[in-house]
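Across the two complexes that follow, chain A remains constant while its partner is chain B and subsequently chain C.
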Partner chain A sequence: MAGSVIAISLRLIFGGAVITALLTFSFGTAAVVALRGHGFGPLLPTDLSAIRFTLWQALVSAFLSVSVAIPVARALSRQSFFGRRALITLLGAPFILPVLVGVLGLLSVFGRSGWISELLLFFGLGRLSIYGASGVILAHVFFNLPLATRFILQGWSGVPAERFRLTDSLGANSWSRFLLIEWPMLRGVLPGAFVLIFLLCLTSFTVALAVGGGPKGTTIELAIYQAFRFEFNLGKAASLATIQFGLCGIVALLAFLVPLPKVGDIGLDRLAHQFGARKHRRLDIIWISGAAGFLILPLSAILFRGLGGILSLPGQVFSASITSLLIALISTGVCIFLALGLSLSIAYSRLNTQKIVEGISVLGLSTSPLVVGTGLFLMIFPFVNPASLAIPVTAFVNAMMAMPFALRVLIPAVRDIYNEYLHLRLSLNMGRGIWLMRIVFPRLRRPVGFSAGLVAALSMGDFGVIALFASPDLQTLPLILYRLMGSYQMDQAAAVSVVLVAQSLFLFWIFDRGGRGHTES
Partner chain B sequence: MRSLSLFAGLFLTSAAVADTPVLTVYTYDSFISDWGPGPAVEAAFEAQCSCDLQMIGAGDGAELLSRVKLEGTRSEADIILGLDTNLMADAMKTDLFEPVSIVADYAVPNGWNNKFFTPFDWGYFAFVQNVGLETVSNFRELADSDLKIVIQDPRSSTPGLGLLMWVKAAYGADAKKIWNDLNDNIVTVTAGWSEAYGMFLEGEADMVLSYTTSPAYHIIAEQDNSKTFAAFDEGHYMQVEVAGKLRSTDQPILADQFLKFMVSDVFQDIIPTTNWMFPAVTPTGGLPDGFPKALSAKKSLIFSPSDAALLREDALLEWQAALSQ
Partner chain C sequence: MIAGDEDILNLKQTCFRQGKFALTANFEVSKGARIAIIGPSGGGKSTLLHGISGFLKPTTGQVLWEGEPMSDHPGERPLSILFQDHNLFPHLCVADNIAVGINPNMRLSEEQILLAKNALDQVGLSEKAADFPRDLSGGQRGRVGLARILLRKRPLILLDEPFSALGPALKDEMLELLSQILDLTEASALMVTHDTNDAIRFGDQAILVAEGLAHEPQEIQSLFSNPPPALKEYIGDRA
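Up next is the complex of A and B:
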């Protein structure tokens, strides 16, 4: 009995510690930042325009991503074709695709000297220019349209086919089918998808850095970076960071009100239904091939341009790839340890507590990496040169940033195991060790593998905190990629992109595959 | 932390040369590119210093200063190479630089006397374009044209800051109007010169903010006569690029030796055909054939370091406001 009391209090202490760490991480760093900044001093007109632009582009990006995703998901849900499964898997790729790689691909296709511009020129038309708002929104849609499509597709797959059959046998036309079945489903799914994408675009940094085109396309995150790196104006960086934190906080409150979509890949590959499939085939094909082209063209542009150059890459790329690997592995270890510990320690709690913890983890989603980076920088600065801690700090921040995704996979997984097997433990009077080793851990392998893969890939491609902290001689793959793009060595940049993507996907695959174990092979 | 870096394979070479003194120079990115002065400068200095010269790129010139402020007295750098007169006042205010006196026969217009910084080259800002393209002869005409230009961010880049000063020097109180009208000509604002020039060469813009000496690179190094610059009747703003020694250096003697080397014939001879700027001290061999001439004093615009520092903040706000539209 005494043993279990100790176990329970240990559990509470661990859970409490992780939650405190999460809260300190988001609120604490913001508080440091606010103390250091001039609070809410008078904002310059340029700050106001950065705030306006940040909100506006996030709204437009989220709106476009979600509204285009509806017809695409609908088409995917009812059409069967060769490569459908591969395409749906591919829709998950942009989520773990390093942002700089995506931007480079988009530039090769939509840039002033990209494929489409060349084509337009051939027909005697002008070149495209994607620097500025259009480029920022284009890139955000590129990254989030697939995400939105998967969420909405999940919604469609969740509708029992019987309902479609029922409406069909009652002679309902497609409009009433939409009103009766599809609209209620969409009403449940769309707000969450919209808020999530809005949040992701609100804290967008890399995209604005690469294609923002100057003050007219500057987000708050980018303005924080500029105040730091260009002006070394810590007070200004802190003021901007306070604003960013406030904005994110408001949206995070919104996020509490709507159910956020789940992260996962379960059940997406089955056809939801085939009603109207034949009738709308032509239109559906247009939506599917349009979306697929938008996704695949930039990626193949990189492969096309970069594959040949891999072997002639300078040696520094090799050491950079080891540094990136190291960062990814540390943050995966930290993140999974904390997330798994937290999920297990609240497993006996009431459902409400679990929901609250899941809610707190959403904070991580709305936390801006640059606010956290700024806060940590200010904390470290008086004691050591922050650049010398760039690797551990980046690994730690990446771990915390990825926590919400890991928790959203792990908490429900642990909950399901406890719901299903706890009575077994009680009836067999099973010891704690056997319970964990024989029952819990084997069943957690798959969700842990999947979330570790996500965390590793996200961390590998990170270009946010590292850009803030990096000293000139630190090299990670995304940093090298950024510098190569900066010096306009696009062929080498494409080659480094291929290495970076291959390494990210490989890590994801290793973890995910490891999690699946022998059960499916 | 060092051990972690070692583990990451980053400093595998440093163990082998542990006994050789290391002189660390922070500079702007294009200085150490393969075709820039970096490789030749490194080879020439290492031949005479029995040391290891490590030149590290830290963005463009203005970002360099920010880096210095950020690292403060903890910096591993001994020398900062690549600030200019527009940043000098701000740099001196940091109190991080050590006075030096490097005597030379400076060819910098208006001469040189500053005890903290030593000039290594100078030039005139200009918009570089292709020969045959319609051209413009002042900012007003440029703003009224449909020409697309790439410029650099004045907060991170010395050419970007130079452009702010240029417009201020030429238009004074009307600078704001010029920037408002230039806004629709600007394709993008890059963080540094390399990015902007690279974009121009790839055909992403009609013109790029660079120097009157940039076409010489194409003419002399590539036998390519297709590039020229737009001569502005209101004159061209000048840039004098300088280097300074940090107070926190652990190699004070080596740092002085480098600064002396910097104004010597060997270094100055490398400058014209690698950095494509006028040497701060004319080398005995003179300038290479085909190198452009200096402009008349009337067409050479420049603010003193203290005036530039006074103008900078307002000019920056003006610029940001106009380009946020």
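Up next is the complex of A and C:
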């Protein structure tokens, strides 16, 4: 009996420690930023316009992503065609696609010397320019339209088949079908999708850094970075970081009020219904091919431009890819260890896991990497040169930033095992070691593999905090990519992108594959 | 066949396919008949209902109504359906859930509103018109579904195990109410059920569906007293 008391208190200590670490990470860094002795710097009109722009672009991006996703998801939910399953899988890709790579792809298609500009020039029209507000919004829609489409598709597949049949047998026309089925479904899905995308766009840094800037394209995150990096005005960075944290907090509270969409794959690839499938086939094809083109063209542009240049890349890319791999592996290890520990330690508790998962997700989403970076910088800076800790700090920050995603997968998985088998364990009088080694861990292999793959890919491509800490001699793949893009060496940048994406996908695949194992159970 | 009755529904050498599964059916249903559809899971009971209601088109043969081919659109067929679950739209109140039975846009004339109120009265739920499905018990939800059927007044009613999730007493109550509605509307009805007692209580005839074949409707008592091998296997020793 004494042993189990010790085990329980160990669990509590571990779980408490992880939660404290998560809270310190998000609130603590913000508190350090807010409370630092030197006080806040005054805000200039440009900073106020950055705040306005941040809110405006997040609203527009979320609105566009969600409203285009409605017809695209409707078309995907009812049309069957060759490659449908592949396209739906591809909709998940932007989530683990390194942001800089996506931006480079968009520039190759929509930029000043991109494919569309060349086409326009050929017809005697002017070039496109996507630097500034339009570029920020374009990139945000590129990353979030697929996400919104998947959420709405999930909504479609959640409608029971009987309801479609009932509506059909009542002789409903398109309008009453909308009233009876689509609208109530959207009413459940859209608020969460909108808030989620709004939050993602609010805290997005890399996009603004790559295509934003200038008086009409600077977000708060970018302003923090500039205050920090170029002006070394810590007071101003602190003021901006506090404002950013406040904004995220308000939206996060909002996110608590609406149900956030679940991330899942179940049933997405089956046809949800065939309402008007024949009647609207042409329009549906336009929506699907438009969305697919918008997604696939930038990706293939990278491949097209970069594949040839891989072999002629300088040797530093090789060492950078080793560094990136190292960062990814460390943060995966840290993240999975902590996430698994937390999941196991709350498995017995009576806590409402649903609420915990949602809370952690919202916390993670509303944590701004630049606020965290600023806070960590301020904590470290009195003691050591932050640049010398760039790699461990980046690995740690990536681990913490990816933790909500891992927890979203692991907490429900652990809880399910305990719910299903705990009575069996007790009735068989099975010891704790055997229980963990023979029942829990084998059954967790798949979700652990999947979430490790996710964390590794995210960490590999991340370009946030490292931008604050990096010294010029630090080389990681995203850093090299950013520097090449900054000096307009787009072909080399494309080649580095191919290496980066290949390495991210490879890591994801290895972990996910390892989780599946050779036996299906 | 009960002599003297006219046939209203006729499945003429029909074959329905769902993926690899195929169901053959060749039988008539006479006016006012109450037929239980029985048989093992996977035998094709639901496929048969889907074929009659128009969700599945026959690959061969025809489904005739009073001698004429039925419309391809389920909504234009002269029938109402009740499923086991999801018969009500969760975002509509009881009154609207009944109203969709006559107009899916829920815009009713004054006369139709009166009819809808009447139907609700008949199933004893006039107090609940403004309630939402989540506030109703399972039995009350079943009643709302039946009220809609009553309001629609279609000459054919298809029931896909509509009460199998209810307790015995509640189920009896629903079957009784259903029987009243059938008397009132003079409709014919086909009901899928797993419960031989329900089948006997509800039907005067039964269709055995097994191994991809829907047999002709038979007098229910004689079917159970002298079961063919497929039925014997299905019901075991309980007949």
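We adopt the following convention: the second predicted complex is superposed on the first by the 503 of 521 C-alpha atoms of A that agree within 3 Å, B and C clash if a C-alpha of one lies under 4 Å from a C-alpha of the other, contacts with A are read in each partner's own complex, and residues count from 1 in each chain.
Keep in mind that, in the parts below, a contact is a pair of C-beta atoms (placed from the backbone, for glycine too) under 8 Å apart; a residue touches a chain by one contact, two chains touch by 3 or more.
None of the values given here were measured: they were computed from a predicted structure.
**Q** Should the superposition on chain A be reported as showing a clash between chain B and chain C, or a fit?
**A** fit
**Q** Identify the partner contact of A:Leu170: answer first if only chain B is touched, second if only chain C is, both if each is, neither if none is.
**A** Touch status of A:Leu170: second partner only.
**Q** Taking the superposition as given, does A:Gly124 touch the first partner, chain B, the second, chain C, both, or neither?
**A** neither
**Q** Is A:Leu179 contacted by the first partner chain B, the second partner chain C, both or neither?
**A** The second partner, chain C, only.
**Q** Is A:Pro45 in contact with chain B, with chain C, with both, or with neither (first, second, both, neither)?
**A** Touch status of A:Pro45: first partner only.
**Q** Output check: A:Pro382 vs chain B and chain C. Expected answer is one of first, second, both, neither. What do you get?
**A** In the superposition, A:Pro382 touches no partner, neither chain B nor chain C.
**Q** On chain A, which partner's contacts cover more residues, chain B's or chain C's?
**A** Ranking chain B and chain C by residues of chain A touched puts B first.
**Q** Classify the contacts of A:Gly83 with the two partner chains as first (chain B alone), second (chain C alone), both, or neither.
**A** Neither chain B nor chain C is touched by A:Gly83.
**Q** Let me test your reading of the model: by the given contact rule, A:Gly315 touches which partner, first (chain B), second (chain C), both or neither?
**A** It touches nothing on chain B or chain C.
**Q** Identify the partner contact of A:Pro160: answer first if only chain B is touched, second if only chain C is, both if each is, neither if none is.
**A** After superposing on A, A:Pro160 lies in contact with chain C but is clear of chain B.
**Q** Check the residue A:Gly213 against both partner chains and state whether it touches chain B (first), chain C (second), both, or neither.
**A** So A:Gly213 only meets chain B here.
**Q** Report the closest approach of chain B and chain C over their C-alpha atoms in the superposed model, as a whole number of Å.
**A** Least C-alpha distance after superposition: 46 Å.
**Q** Residue numbers of chain A touching chain B in their complex, please.
**A** Touch list, chain A to chain B: 44-46, 49-50, 53, 111-113, 129, 131-132, 211, 213-216, 218, 226, 228-232, 318-319, 322-323, 326, 384-385, 387-389, 391-392, 471-475, 483, 485-490.
**Q** Which residues of chain B touch chain A once you look at their complex with the stated criterion?
**A** 1, 4-5, 7-10, 12, 26, 29-30, 33, 56-59, 62-63, 65-67, 69-71, 74, 148, 153, 155-156, 183, 186-192, 194-195, 197-199, 201-205, 317, 319-321, 323-325
**Q** Where on chain C does chain A make contact in their complex?
**A** Against chain A, chain C makes touches at 53-55, 73-77, 79-81, 83-87, 89-92, 100-101, 104-106.
**Q** Quick check on the complex: what are the chain A residues that touch chain C?
**A** Checking each residue of chain A against chain C gives 160, 162-163, 165-173, 175-177, 179-180, 184, 187.
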